[in-house]
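Paired with chain B in one complex and with chain C in the other, chain A is shared by the two complexes that follow.
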Partner chain A sequence: MSTATTAQQSPPAQKKSGRGTLYRGKEGMWSWVGHRITGVVIFLFLLVHVLDTALVRVSPEAYDAVIGTYKNWYMALGESGLVAAVIYHAFNGIRIVLVDFWKKGTKYHKHMLWAVMIAWVVVFGAFFVRHMMLVLGG
Partner chain B sequence: MSSQQLNIAAPRSGDIDPKYLRQSASSSSNREMFKWVFMRISGPILLVLIFVHLFSNLMVGDGVHGLNFGLVAGKWASPLWQIWDLTMLWLAMIHGTIGVGTIIDDYTSKDRTRVGFKVALYLASVAIIVLGTLVIFTFEPCMTDAAGNLMDNSPSFCFNQ
Partner chain C sequence: MTTTFEPTSTTDDAGAVDSFTVTMQVRRYQPEFHEEGYWESWTVEMHGTDRVLDALHKIKWELDGSLTFRRSCAHGICGSDAMRINGVNRLACKVLLKDLDTSKPITVEAIKGLPVEKDMIVDMEPFFQSYREIMPFLIADESQEPTRERLQSAEAREAFDDTTKCILCAACTSSCPVFWTDGQYFGPAAIVNAHRFIFDDRDEGGDMRLEVLNDKEGVWRCRTTFNCTDACPRGIQVTKAIAEVKQAILARNI
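This part shows the complex of A and B:
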C-alpha cells in the first residue's frame, strides 16, 4: 500500500448502529427477536395450560385446587407478563402479514412497528389495570 | 396444484435456471411454503380466538376469581365454546410447533441434534393436541365417585337433577 493511499481521507468511522446494513441492530431485527422470544414463551405456557385444564377430567376438586393457586398478586403479575407477550406477538404478527401481503408493507414497516408499540401500550395497559384490580379487589 | 401454472411475465424470466422454477419445486420446499402460508392464515385467526378467550375468562365478572370447574362446565355446555376452544387448541399448537421447529432449524447445526429436538417437539405437540381434544369431547360436568355420589365442587346445576 502506497503512502498516497494512506494519506487519502480515511473512511467514515463505523458506528455501532449497523452501518452498511438495513437490518442489523435496527427495528427489523429487534422486532424479530421479540417475536421469537414471545413465541417460545407462549408455546411453553400453552403446553402447561392444556395440562392444567385437563384436570377437569380428574375431578372438580383437583381443577379448583390448581386454579386456586393462580388467584394471588404474584401469579397475576406472571399472567400479565404472559398477556403482554401474547399482545406483542399478535400485533407484530399482523405487521409481518402486512409486510408480506400489503403493497406498501415494506415501505411502512417501521411506522407499523411504532403502531404495534402504541397499540400494545393501550391494550396491555387496559388489561393490566383491570386484571390487577380484580385480583387485589377480590 | 400442478394442473395449471400461472405464467406471469417478469424481467429475465427466460434466463432463470430451471432448478429455481416452482414447477420443479421439491416436496420439501412445498412443505416450507405450506408452513409459511399456515402461519399467516392461522395468526390473525388466533388473534381473534385468543383475545376473546382472555377477555371472557379474565376481564368480565369476577375475572380470575370467577375461574373454577363450574365456569368451564358452563362454557362447554355450549357447542360454540367447545368449537372455539377446539379450534384454538389445534391452530395454536400447530402454529407454535411450526414456530419452535423453525427456531430449532436455525440454532442446531448437527443433524443428530436437530432431529432429536424435532422428534421431542413433535411428540410433545401430538400428546398435547390429543389430550386437549379428548378433554373437550369427553368432558363430564357432573362427575360421580365410585359410590355414585356427586364429587365435591361439582357445579350447582348438577345437584338439581
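This part shows the complex of A and C:
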C-alpha cells in the first residue's frame, strides 16, 4: 500500500476537456471494423453497378458512353480498391464462419486472421499487377 | 556448517520496493457541477507493489475526495471495480502499475455502453436485467425432488466449468462494440451465465434459455470481435462459450 506522505508534494490536478478514448481492441475488433467497412464499400458499388447496368435497357448507346468513362487510370485504381475490399470480405467471411462453427475456431482466430491477410496479399497482388498491365498497356 | 541469524529491520524491507511517480488521467463526470465529462490528472508517488486501485485510493483519500468509483473486496473477486484502463476493460484491483507504461499518463474511464452516473459509476441495471432474463438458476423437475444431492460426473461438470467463473463485473459486456450501439443486445455476460446452465446436465431449462437467446437481440448479434474474451478478468473464453450456445441453438432446431 502507498504511504500517506506525498499529498503536499503533488502538483495541483490538471483539468482539460475532450472526449473519451477509443477502445483499444485487438485483432478481433479491427478485423470486424475492416469487415464492416469493406461491406459498406461493396454495397455502395453494387448500388452504382445496378444503376449503370440498368442503363442498357434505356439505350445501349448511353450504356456504352457511361462504361466508356470508366476506362482510365483513376477508375482502374478504384476498381482495384473494390477488388481489395471483396477479397478481404470473402476470406474474412470464411474465417468468421469457422470461428462460429468450427470447434477450434475461437482458439485459432488470430492464426486464421493471419492466413486471411496472407491470402489477401497473394490474390490481390496478382490481380493488381495483371489489372494495371491491362489498363496502362491497353 | 554454521548459520548466523541476522535480524533484519522491517523498514529496510519496505524500502526495497521501488517507488515511482505516475500520472493518473481520469475521465470525470460530475453532473452537479459540469454537464460534460472532462479529464483530470494527478501525479502521485506509488510503489512497485501498487495496483491502479491503490492509485485511485490515494487520489480519493489524500487529494480529491470527490473522485467516485466502486470497489468492494479489492482482490478480484467481487467484480465491482471494472473500468477502462489505458483503453481496455480491466479490474482496477488486478492491474499492477508496474505492468503499465508509467512514463505516460495512465487513462482511467468508466466502462462503455452503460449510462454514467458519476465518474466511474455506471447504472448496472440494464446489465442485470439481461442477466435475469436468461434465468440464472437451476431449473429442475420439482415432482421428482431428490432426497440426496444431484450427482454429476466429472466429465459432465467439465462442459460448463469455464463459465462458472463469472463474477458479473460487466467488463465483457461493456467491451462489446455491438452492446455500445445496441443496448438491447443480451451481451456476453448474460450468454456466459446462460451457458453455465444450458450445458449443466442436472438442469432442465436449457430449451427455455436457448429460446430466449435465439432472439434478434440474442446470440446472433455476436460479431466475434473477441473484445470480451480479452477483457474477462477471470480468463473465461467468452467468445467460445457464445459460439457453443450458437451451435446448441442450431443443433436443437435441426
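The criterion applied here is as follows: the second predicted complex is superposed on the first by the 114 of 138 C-alpha atoms of A that agree within 3 Å, B and C clash if a C-alpha of one lies under 4 Å from a C-alpha of the other, contacts with A are read in each partner's own complex, and residues count from 1 in each chain.
We take it that a residue touches a chain if its C-beta (ideal position, glycine included) is under 8 Å from a C-beta of that chain, and two chains touch if they have at least 3 such contacts.
Everything quoted here is computed from the prediction, not taken from an experiment.
K.L.:
On the A-aligned overlay, A:T53 touches which partner chain: chain B = first, chain C = second, or both, or neither?
P.N.:
It touches chain B, and chain C stays clear.
K.L.:
Looking at the overlay, what does A:Y70 touch: chain B (first), chain C (second), both, or neither?
P.N.:
In the superposed model, A:Y70 contacts chain B only, not chain C.
K.L.:
Pick one for A:R130: touches chain B only (first), chain C only (second), both, or neither.
P.N.:
first
K.L.:
Looking at the overlay, does A:L113 come into contact with chain B only (first), chain C only (second), both, or neither?
P.N.:
neither
K.L.:
Going by the contact rule set out at the top, does A:W32 touch chain B (first), chain C (second), both, or neither?
P.N.:
Only chain C is touched by A:W32; chain B is not.
K.L.:
Does the superposition put A:L22 against chain B (first), chain C (second), both, or neither?
P.N.:
Second partner only.
K.L.:
Which partner does A:D100 contact after superposing on A: first (chain B), second (chain C), both, neither?
P.N.:
A:D100 contacts both chain B and chain C.
K.L.:
Which residues would you name on chain A as touching chain B in one complex and chain C in the other?
P.N.:
96, 100-101
K.L.:
Using the touch definition up top, name the residues of chain C that touch chain A in the complex.
P.N.:
So the residues of chain C touching chain A come out as 27, 36-47, 50, 54-55, 57-58, 61-64, 84, 86-88, 107, 109, 112, 175, 177, 223-227, 229-230, 237, 239-240, 243, 246-247.
K.L.:
Spell out the part of chain A that touches chain C in their complex, as residue ranges.
P.N.:
My answer: residues 1-2, 4, 6-7, 9-11, 13-18, 20-29, 31-32, 96, 99-101, 105-107, 109.
K.L.:
Considering the complex alone, what residue numbers of chain A touch chain B?
P.N.:
Going through chain A, the ones touching chain B are 36, 39-40, 42-43, 46-47, 50-51, 53-54, 56-57, 59-61, 63-64, 67, 70-71, 76, 79, 83, 86, 90, 93-94, 96-97, 100-101, 127, 130-131, 134-135, 138.
K.L.:
Contact residues on chain B for chain A in the complex?
P.N.:
The contact residues of chain B facing chain A are 40, 43-44, 46-47, 50-51, 54, 58-59, 62-65, 67-70, 72-73, 89, 92-93, 96-97, 99-100, 103, 124, 128, 131-132, 134-135, 138-140, 143, 151-155.
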